[in-house]
Every structure is written in structure tokens, then in C-alpha cells.
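Please find one structure pasted underneath; my questions will follow.
Each chain gets a letter, A, B, C and D, in the order it is written, and its residues are counted from 1.
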Amino acid sequence: MSGSSLGRLFVVSNFGESHGPAIGCVVDGCPPGLPLTEADLQADLDRRKPGTSRHVTQRQEADQVEILSGVFEGVTTGAPIGLLIRNQDQRSKDYGNIMDTFRPGHADYTYWHKYGIRDYRGGGRSSARMTAPMVAAGAIAKKWLTSKLGIEIRGCMTQIGEVDIPFSTWDDVHTNPFFAPNNGKVAELEAYMDTLRKSGDSCGAGLRVQATGVPVGLGSPLYDKLDADIAHAMMSINAVKGVEIGAGFACIAQKGSEHGDEMTPEGFGSNHAGGILGGISTGQNIEVRMAIKPTSSIRLPRKSIDKAGNPIDVETYGRHDPCVGIRATPIAEAMLALVIMDHLLVHRAQCADVQVDTPQIPPGISNY
Amino acid sequence: MSGSSLGRLFVVSNFGESHGPAIGCVVDGCPPGLPLTEADLQADLDRRKPGTSRHVTQRQEADQVEILSGVFEGVTTGAPIGLLIRNQDQRSKDYGNIMDTFRPGHADYTYWHKYGIRDYRGGGRSSARMTAPMVAAGAIAKKWLTSKLGIEIRGCMTQIGEVDIPFSTWDDVHTNPFFAPNNGKVAELEAYMDTLRKSGDSCGAGLRVQATGVPVGLGSPLYDKLDADIAHAMMSINAVKGVEIGAGFACIAQKGSEHGDEMTPEGFGSNHAGGILGGISTGQNIEVRMAIKPTSSIRLPRKSIDKAGNPIDVETYGRHDPCVGIRATPIAEAMLALVIMDHLLVHRAQCADVQVDTPQIPPGISNY
Amino acid sequence: MSGSSLGRLFVVSNFGESHGPAIGCVVDGCPPGLPLTEADLQADLDRRKPGTSRHVTQRQEADQVEILSGVFEGVTTGAPIGLLIRNQDQRSKDYGNIMDTFRPGHADYTYWHKYGIRDYRGGGRSSARMTAPMVAAGAIAKKWLTSKLGIEIRGCMTQIGEVDIPFSTWDDVHTNPFFAPNNGKVAELEAYMDTLRKSGDSCGAGLRVQATGVPVGLGSPLYDKLDADIAHAMMSINAVKGVEIGAGFACIAQKGSEHGDEMTPEGFGSNHAGGILGGISTGQNIEVRMAIKPTSSIRLPRKSIDKAGNPIDVETYGRHDPCVGIRATPIAEAMLALVIMDHLLVHRAQCADVQVDTPQIPPGISNY
Amino acid sequence: MSGSSLGRLFVVSNFGESHGPAIGCVVDGCPPGLPLTEADLQADLDRRKPGTSRHVTQRQEADQVEILSGVFEGVTTGAPIGLLIRNQDQRSKDYGNIMDTFRPGHADYTYWHKYGIRDYRGGGRSSARMTAPMVAAGAIAKKWLTSKLGIEIRGCMTQIGEVDIPFSTWDDVHTNPFFAPNNGKVAELEAYMDTLRKSGDSCGAGLRVQATGVPVGLGSPLYDKLDADIAHAMMSINAVKGVEIGAGFACIAQKGSEHGDEMTPEGFGSNHAGGILGGISTGQNIEVRMAIKPTSSIRLPRKSIDKAGNPIDVETYGRHDPCVGIRATPIAEAMLALVIMDHLLVHRAQCADVQVDTPQIPPGISNY
């Protein structure tokens, strides 16, 4: 398959550029019988929407999604679901300053050499805007997973720039502009971001996403392991440079006697595995962490070259996120939902007949 | 597609269990005209082979690969290449101790619940042995990439357990049993591993793999980004719990002014991107790091349950690697080769006509 | 992959129902640099549009296509091309007569049992209307094939109901309402269709589609043979019940000495192969024929059952094509273009390096 | 995916050449828990084996299949099943006569131009021998379909050369060397074949394959229609030039009032649809017919060219089938089993939750 689709049985095929007529996707493989309205999708879209606080881009995008197909009388029919989001600001505003230059850290240089042409307006295809259709598609998967299996997916920030955010409670996440699971850190984060914004620079972010209620058995041993597909999905989010499952990089210095999660009839004794063993879900919480690089568009001058290969200095003005990671939480949630949904369908295709007497043990202790 | 294949145009379909008659794979999509012999594949297979030092498992496996098809008079024909490795030790030795128990950190519990049946002999399908066919397949990709494009792929260890291995030189990697790029650390590593082995415990490992000479333009913007597919491939290697591209998790605390790699006619000023921007290769070195968890099979007793759900204690004896990460270097190289090869074919399918006047700049400084 | 996509590298993912808000598709994998406007797509869409003569349905559908993405300043960028066609008539007119009944020959019964829900309005997903986005997608492939390689694709009717249409000239095809390659048969066809229409019955049709200028070498030996993928594409057109390549079913009674196309430096001596040998194009014309079943919606009463399983009589009124095959010519052309385009991209991915000294011989005699 | 795989969830990846070391395939996606031994596969392999009568090639091939993986203690584990068939006759016998020539009707010319290299020994990859692994893979699907759902698949000849074979009874098929469902025609067929063989010429064949007990609901509306995938699978069998579903080409001259199969509580009134409506199974018998071209290897001299492009005469000696179609029956059965199995898995992935009150009606009358 060409490169713009995600999934095998729950397939999202994405299209659009940030300043073209519209962006959207086709969601193919959604089981029939799921009640679905545009409001179900809009909720998550609004969570990732810009302009919700002074700490994110002040661009105004309604990101109103329209369901074009696959839903009849408020219920999914099993036919592909077409989703459309019109781009509002298509003014061919002056992009002359980047039309012929390659911005450091952006895809300008790579697109140009790959395609010989690029829609430079607002980043075109490489714009973070392309995550909006995925958030909408993910909302469909989320609703199915929650309503049919009680699977919940949620995300939060673990770090913004140099400010670590110790986990306190999921309840705080939606009560502050940083998706921070710890309101005690909000004041520090606001100060940090205000300083950063004034400096004209940007910073990276650490993000965590979790799925609870996932049954044991989802995933293939190799190569479509559940964790491998999660890594693929997360790394396919703009600006993500690292992905961890469970203990992640901390496992390097761990001993086997520490890392291997013990099992008792009462449940797992720990969750260093992040809910996945041998590529297959264990029934524990799925735990994923990722690193998001600093926004590449900053006001500070950077060295680069132009299309002719001449050296130039680039200063990027405009309404950019000082930390793109902040709005990435609903995106990561959506991607995790899409991967789990896809594996769930593959699993019931292959293993619908399987029955074992062995009782499943509880998720048990979660050390994340 | 079902879960045992990797790639879109250079496709490896893997089969086998550690104690079945044989393991192997079908490599489909290799271009015609590549000189290929079994010796080309054996070199890398021997690098991952057990029993090469006291620091790895003492199991004896010849891992002799046979080319079954796709090569005629020493040259690839464009037809699928069947690769076969016979399992030598199929003695139905006494696995009674694990037949009815679920070893912590292993896939026993997940396989059982997913399939309702598992080949428990030596880990069956979840055995690290299944990486052998991938190493053979990767050797085909490596030879093509090197002979046609001068792309080189190499890997080394960055950390073993608590011992950090500062990079010194690639020349050292093949002169010590740890794939360590720094012979000055070998004595410390030997002492560490000897102590670990005696303790009956195991440790994790950090691994780095690099590709040089990759042209600008490989990869799709979304979702088959080059970095996303690399993350998928690496995370599909047994025991990998984390993957980083370029700066990886370090990018969280970086400023945009630091992370974004500047460009000049003389080349890139740094390589925090790890050679990939917007999912597409930049022409810099591709830099990947991963975390490998400690071996789950240890002599120390662990709490677990049996098939009936009763609590038990598990002690795993046998000839296990105290650090599975050590032998993972050729595996990671193979996986990276497979991903790059696949993207190269996809790229020339879509962009064979593209020509730009803009000169490509040199890889420049590599800060890895 | 889920079932609504066609192709591997030139992938069309289709969505929509006949009476939903819109229909359309995502065309992923189109090479960059192709000049493309909506007018390029509209030409073929207008050829399949209803209401062009009294011999087809009198429904009025503008079928105006909008390009949503993948084209910048009139040229394809390599990004997926989103295509949108708004449904004009969404009036929830009275479909009460079919809502609870299964029309013979229609997909009502199968959809209902498969999905447990169906959008019964105008056939919903099973409507011939879903071929419109494919015609638009095919027009992109057609333009690429023609402008880059001089490949031409054209179709015509071979038979309508009991009226055989001997091939005379391609020039006639666009000068009569039957896509007939023989104006001498038009009067007979008009009389036949008028009688048929008055009778309230419908008839089937035979259709031929041809590609000229296809280079030798497109296709995979097995299982993605060029002819196998053509058969798949043609059989996926609504109402198609049979597909032939070259001599087709006539080859059963042929002798090997007759069927096997001889080769001379001047060209092939015949084309019983239909331009494909061993799944790979020969450089001859690709010759495909197909059978299209009679329209299932007829005014004559038929026996059927309702949702409760009770016997009923069904009479279908409305503006239906008395012979759906008539408008299928541009659809079959589009499908053939899509398959050839896809194989062309796969071929240059795998065989871009291949060079042989052997001269290609001319297509030679075409006995079709 | 590259071209040597068939299926989406029940995936067969095929490898091998007629005179290489071995042929085989990987069957990925077989559900766990199916009792399976090599004997289960050998039965169908023996039915397609050469040398079973004077009317087929006298080549001796044991075609002994070995199961390499995916089966443990006689039961499938859900892991990929590796199948291996060693080629016995690898003697590099003198193929000098075809090494530099292109045999009319063969893939010699197309392979050479596509790949720039070809394994000319016995047809290499294009040999009918490559169907053996598919027969073995199909036997797995057959056993699953029969044991789990009572689906039966069977095939027979409808015509050999100019001799039509009116259907009499399935019981006769396995009692004569022609897979003829009518022993009354055997004497005529033997005479016809003896004369043909003496003449040094070959003939085509017509073949029918049927599936009974297929539940309603298998298939996707577009583009992975059940009939489209069947057409793809059948056309991917060597030498097949045409495929029909149900009425096939006869539907062209049918009226809608004749073709559309009426439904009553007692069952369908006819089966012109061949058991598929809108790409989805109806619960009737799946009826498929195909045309197989005459063997291209004949003793009679044919005009052709050599690698240098010079005109030559070709006479093909050796032990060739005078009618390759005769041995194709088990192959077509296998392909149909593979397609149905694949769609069954896809169906239960997407529609496992669907429940309707409407009773399914019996298959009813079969007019085939």
C-alpha cells in the first residue's frame, strides 16, 4: 500500500495539506452498528484545536468535521466513513519568505528533493494540521473500544522543556492548558512557557498515553507486534523522536529479576512490560511514552540554504506553537486507539474460536 | 496482510519455531541481477550465532542457511527468494517444567490466552531464534544497498546493564565479544558480565545502529514515514522496549535553536534529526538507538502462576544469554537494511521522474 | 487491508453511498509533476453521466468533482489526491417500498445479513453511482499513462442484449449513445432498446476495453499477474459476471498451434494472449472483454421475501437504466488504467535497473 | 505488498522454480486449533500429480510436502505454516534449445524483458509446478472450511478441446482420468486425447468449481468483492484466460426478468448470480467457470525469435501435458478455498457482532 494509510482492518487513509481546500480521511473497516455523530468526533478535535490558551498557537481553526458516508440514521453501516474538514484560511498570504528557502528542522529540504515540488503554504502536507483527521478517526475507534469493551485511552504530559511533571492524578489533566497530570506544576509551567515565548525560542515535550481494559491476546508475535505497531503509529506523529513501551530505556540498567513482571492469582506484581509481552497484550495497562522535538519554527535566526544552494539566514515569524508537544496529547490518544482497534479486529478474525480454561489475572500493580 | 511479514515492496515473510523442523522466510521483491550466494548471508548469521564467547548462550546452532529459490547461476532473478535454516536440536527434551507454567517476562501467558495452544519448546515462535531468518534477509538488502548505492549499515552497543560504553571507534566493534565501539571498556564489561552470570541474574542493553550514504528523499510523509517504519522494525525485534531517532528523548529538554539542524553549502551543522525530517531521509546518517530488556530466563526464583491459575515459583535453568542485547547488533542492522531497502523501492516507484537543480549538501557534522 | 481500496502503489480508497452527503476517493501514490485540473477528470465523468440519451436512466446528476488535495499550482505534488463529488438529490423520498424488502438480483439481502443494517436509499453503497469516483481516479491514471508513455485506453460495446455489435471502427464509439464501434448497428440497437424499455424489462451487455502502447514487462508472475489484477478490477465493477483476456473462453476449443502467438522480428503474428503471457505484458495490445448482467430493477413483478421472511411480490419503479452496461464503458477504461498504472509503478520499483540488448518486437497483428 | 502473496488474513506467500532446490509457501493467518498433518495436504497434491494417466505428462514428481512450522502435536498453533516440496529432478539437463529462444505462448519473452535474466529450466518460475504449493495451502483452507462450517469445494471439467462434457454427476469425477462429471463421455475423451497427442498438438479446457454451504455475508461491497477476488485467484492460475461467476457471459443475452434470482421462504428460485450479489455471498452455491488455454509446448514447429532478435523455428519436445487443463481441477478448488477462507476471516473481524432476526433462506434451485 502507498504511504498514507494506517492499519490493516481498521484502515485510515489520510489526505490534505494545511492550506489546500480541505483535509480529511477515509476510515475503512469500522464494524456496523456503532452509534456515531459528528459531535462524537468534535470533542477530541476541540481538545487539539489551536488558540485554547496563550501557550499554544493563536491561529483560529474551527476544525469542524463532516461525516460524508458510512453512517445511516446515526449508526455506522460497515461502509467506509468519509471525514472532511474544510480549511478556512486559504488566503494565499505572502509565503514568499519560505517559498525558496529550506527552514532548518522542517521537511522543506526533504520534500523538495523527493518530489521536486512542494506546497510550501503553512508546511503543506507536513503541517501538524494533518493530525486533525487522525484525531477524528481515532475518536471513532475510541467510541467503539469504550462502548464494546470498556477500553479507556488517556494521555498526559510528563515533561515540558526542562520542567519535569511528576504524575499526580488523571483528574488534573483536563483542568489546565498543559494536559499536565499535576496542577501543582502549572504555575511553574506557565512561567517557563511565558519566558520561552518571549525569547522567541521553542522547547520539546514528553508525553505519556495509556490504555486500560485491554484484554489479553491482542497483537501478533512478529512482525505486527502490538508494541511495534504502536511505535510505528506514535513515530508517525509529527515531531516525535522517541517511543518507549513500559520501562522503555530504563530497562537497560534493570536486572531481569527486577524487570520481569511477576504474576500471582491476584494480578501482576508490576508493569515494566507496559502491558505487552512477545508482541501481545497481557491485560495490564498499555503504557507508552514518547519524546516530541521542539517546534522548528522560531524567531531566532538560523543558518540555512535556498533553492539555489546559497547560504541564507532564516527567521520564522507567524503564530507558531512554542511547544508543539502540548497539543499532541489527543493525537497520541487517537493513534493508540487506532492501533488497538486494528489489532482487535485482526485478533477476532484469527482467534474467534479460542477458548481456554485458564483464568485471566487482574492488571495488578501499575508502576507508571 | 497477516502479521508475519515485513515491508511493502521488499517483503520478508517469516516462519518457524525454535524447536520445529526448520525456520526461514520468503524474501519477495528483490530486484533481479544481484549476485548472491549463501556465503553472503552466512557472514551476518555467524555474527549473531550463539556460543561465540562465554558471555552469550553456549547453545550450539550451526544456523546454516540454504537458498531455495530466486537465485539462478549465482544471480537474483527477481523471483521470491526462499531461505531455509534447519533446526538441529529438536530433541523433545524435558520441557515439563515450563509446559504448564507461565514464565514472568516471557510470552507464555499471552500466547496461551491468544491461541489456546503454544509450542513451549524453547520459547517456540517467541524465541530469539526467529531473528536468524531476518538477519539472512537483511544481508540481501545490505548487499544490494552497498553494491548499488554505497549505503553502509553498522551497529554497536552503547550500554550493557549499568556499564555505559562511550563511543570511541567503529574499528573496535568487531574486535571484542560485546560489539563495543570502545576496547577500553572491554575489561570492565567482562568483569560485569562474569559477576552477573554467576549471580544467576540478567541485564538489559543499549544498542545503536547507523546507516551512512542514504540519499535524500526516502520515506513517505505519513504514515509510512521512514522513522516510523524504522521504529516498527526495531520494536519488532524481541525484547526491544524503546526506540530513538537522532536526539531521541534528549530532544525534550532541547531548545528549537539547539535541536534544529542548520544547513550550509558545506553540509548540515549537526544531526539531532538522526537523518530524517518529515518522515523523509535528509542525506545525513540515519541514527537509531534502542533499549533491550534483560533476559527473562534467569535462575533466580520468580513468582508466577500455572495453567490452572495456581501460584507457583519459577526458576529457569538452561543455556540462556545473560544479556540478549549483546547478540542483537546484527539483527538491528538487518532490520534497518530491510526498512531502507523497502523505502528505496517505494521511492523509485513514485519519484523516478523527479529531477531538481538544487544541489544536495553533504551529511556534515554527525554529533552521534 | 480493508476492502474499499484498489491497488498497491497507486491506491484508490473509495467512500460513499448514493444518497449520502457525498461520494469520493483518495488517490494515493500518484507521482509528482503531473499537470492536473478538475477538467481533466470531468471529461470521463461526463461520459458515464446519466441522462445523456433516452436509452439510459433519466436521473439528473451533475457529478461535479472537486480536487481537495495533492495538487498545487495545477501540478500533482506526490501527496494523496482527495476527490469529492457531492450528492445532489438527498431528498429522503419515499423508499418505504424497498426499506423492508429484498429486491431480486440486488445486494439488499446480502447487505442486510452481513451488516444488520443497510442504507437502502437508491441502493446505498451498492449503487452504480459508486463507480463515479473510480472514473475520476482512472482519469488521473489515464493522463499519466498517456502523457508519460503514450499508453491509450479505450472501450466499446460488443453486444447489447441479443444484438451483437461487430467491431467496425473506434471512430464510431463516441458518435452514438451506445458506445458502439459500428454506427451501422445503431438503428437496430435503438429499436431493440425502445422495445425493451416499453416492456419494463432489462438486458445485459458485452463490453471490450483495450490498452495500446503498454511496454513489455508489466505484471508479476504470481499472484499479482497483470491479467489477474485486471480480472479483479473488472469483476469489481457492479454487475460484471465474466471477464476474458485475449481469446478468453474461445481458447478452450483452440489448438496450441492456433492459440500460441507466433513471434517474428516484424512483430507478433496474432494476439490470442490478449497482450499478457505468464502474467506479464508482452507489448501487444491488452485486450479485455466482460459480461454485464441485466439491470435488476425492472417494472415486472418478481417473487421475493421481506425482512420478516414473508413471501412478497416486488415491482421496482423509478428511473433505472434498462441496460446498465451501456454506461460501463468509461468505468472499465478507468479500471484498466488504474491496474496498468499500479503495475507500472511496481515494475519500475523492482526492475528500474534492468537492461537487455534484445530488441522489443512490434505489437504486430491484433485479431481483436 | 510484492506480487507473490495471495490473501489478506489467510495469506499464502509462494516461492520456487521448477528446477531449483525446492518450491513451497508460507501460510500465514491459519487459526489455531485445527488438527493438521502432512497427509491432509498430500491427498490433493496427489490429485494434481503428473503421471497418473497417459493423457497427462509422464514426468515423475513425488511432490512430497513437508510441514516446517505452525503445527505442534498435530494441531495448528496460529503461527505461520511453512510448507516445503523438494524438487527431485534438478539435473541440469540440456536446455540449450530454449536457453536462447522465446517459445510462443510461453513467458520466456516477457520474463526476459522484465528481469533481464530468467531461469529457463523447465519454465522456471512460470512453470505449472508452482501450483503445487497452492494446492497444499488450499488443502489447509479446505479442511478448516469443511470441519468448522461444512463448506465443501469441488471441481470438474466442462469441456476438453472440442469435446463438451455435459454435467451428469459429481460421483463420476474421481472415477476417470479427466475429472469428467460424466463417465459416458470418457471413451470419446480418450479417443480425442489419443489423436491429439499423436498429432503433436495440444488443446484447451473448460473447468468448473463449486462451493456449497457458504454462509450469506462473505465479501466486501467494493473492491474486495468475493467474486472479484475469486476472479483474481482463478486468473492467477497458469494458462487461465477467462473466468465466469454464475451465468457468466450468458447473462449478456438474458433479460432481467430471467437473470435476477427470485427468493421465496423455500429458497432461491435459480442461481444465475452464482451465489454472489453485490460482491457478497448469498448462501447459494458459489459457481465459477474458467477457460484454460492449450499447452504452449507442442512438437509442431512455430515461428519465433531468439535473444538476438533473429527469426527461428521452435519445436518443443519433452513430456508435456497435451491439455494442461486436465490437472487444473484440484488447483482451482484450492484457489477457491483460499479466497473463501480469507473472506471468512475478514468477515468475522468486521461483523462478528452482527445479529439479524431475518431467517436465511435455503440455497434452493441450482441451475448449474
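Keep this in mind: contacts are C-beta pairs under 8 Å (C-beta built on N, C-alpha and C of every residue); 3 or more make two chains touch, one makes a residue touch a chain.
What you see is a predicted model, and the numbers here were worked out from it, not measured in a lab.
A.B. asks: Which chains, if any, touch chain A and chain B both?
C.D. replies: In this structure, the chains that contact chain B and also chain A are C, D.
A.B. asks: Check B-D, A-D or C-D against A-B and flag the pair whose interface repeats it, over half of the contact pairs matching by residue number.
C.D. replies: Matching more than half of the contact pairs of A-B: C-D.
A.B. asks: Relative to chain C, which chain has the most distant C-alpha mean position?
C.D. replies: B
A.B. asks: Check the residue numbers that chain B and chain C use where they touch, and answer same if over half are used by both copies, otherwise different.
C.D. replies: Counting shared over all numbers used gives more than one half: same.
A.B. asks: In whole angstrom, how far does the Cα centroid of chain B sit from the Cα centroid of chain C?
C.D. replies: Centre separation, chain B to chain C: 45 Å.
A.B. asks: I'd like to verify one number: the distance from the centre of chain C to the centre of chain D, where each centre is the average of its C-alpha atoms, in whole angstrom.
C.D. replies: Those two chain centres are 25 Å apart.
A.B. asks: Report the inter-centroid distance (CA atoms only) between chain A and chain C in whole Å.
C.D. replies: One centre to the other, that is 39 Å.
A.B. asks: Which residues belonging to chain B are in contact with no fewer than two other chains?
C.D. replies: 1-5, 8-9, 14, 29, 32-33, 78-79, 114-116, 125, 221, 346, 350-351, 354
A.B. asks: Inside the complex, what are the residues of chain D that reach chain B?
C.D. replies: Counting only chain D, the residues touching chain B are 1-5, 7-11, 13-17, 20-26, 28-29, 32-33, 66-70, 72, 75, 77-82, 84, 114-119, 124-125.
A.B. asks: Write out the stretch or stretches of chain D touching chain C in their complex.
C.D. replies: Residues of chain D touching chain C: 1-6, 8, 14, 102, 104-107, 109-116, 125-126, 130, 159, 161-162, 201-206, 216-225, 227-236, 238, 241-265, 269, 272-274, 277-283, 291-298, 300, 302-305, 307-311, 325, 346-347, 350-351, 354-361.
A.B. asks: Residue numbers of chain A touching chain D in their complex, please.
C.D. replies: So the residues of chain A in touch with chain D come to 1, 8-9, 29, 31-33, 78-79, 148, 221, 345-346, 348-354.
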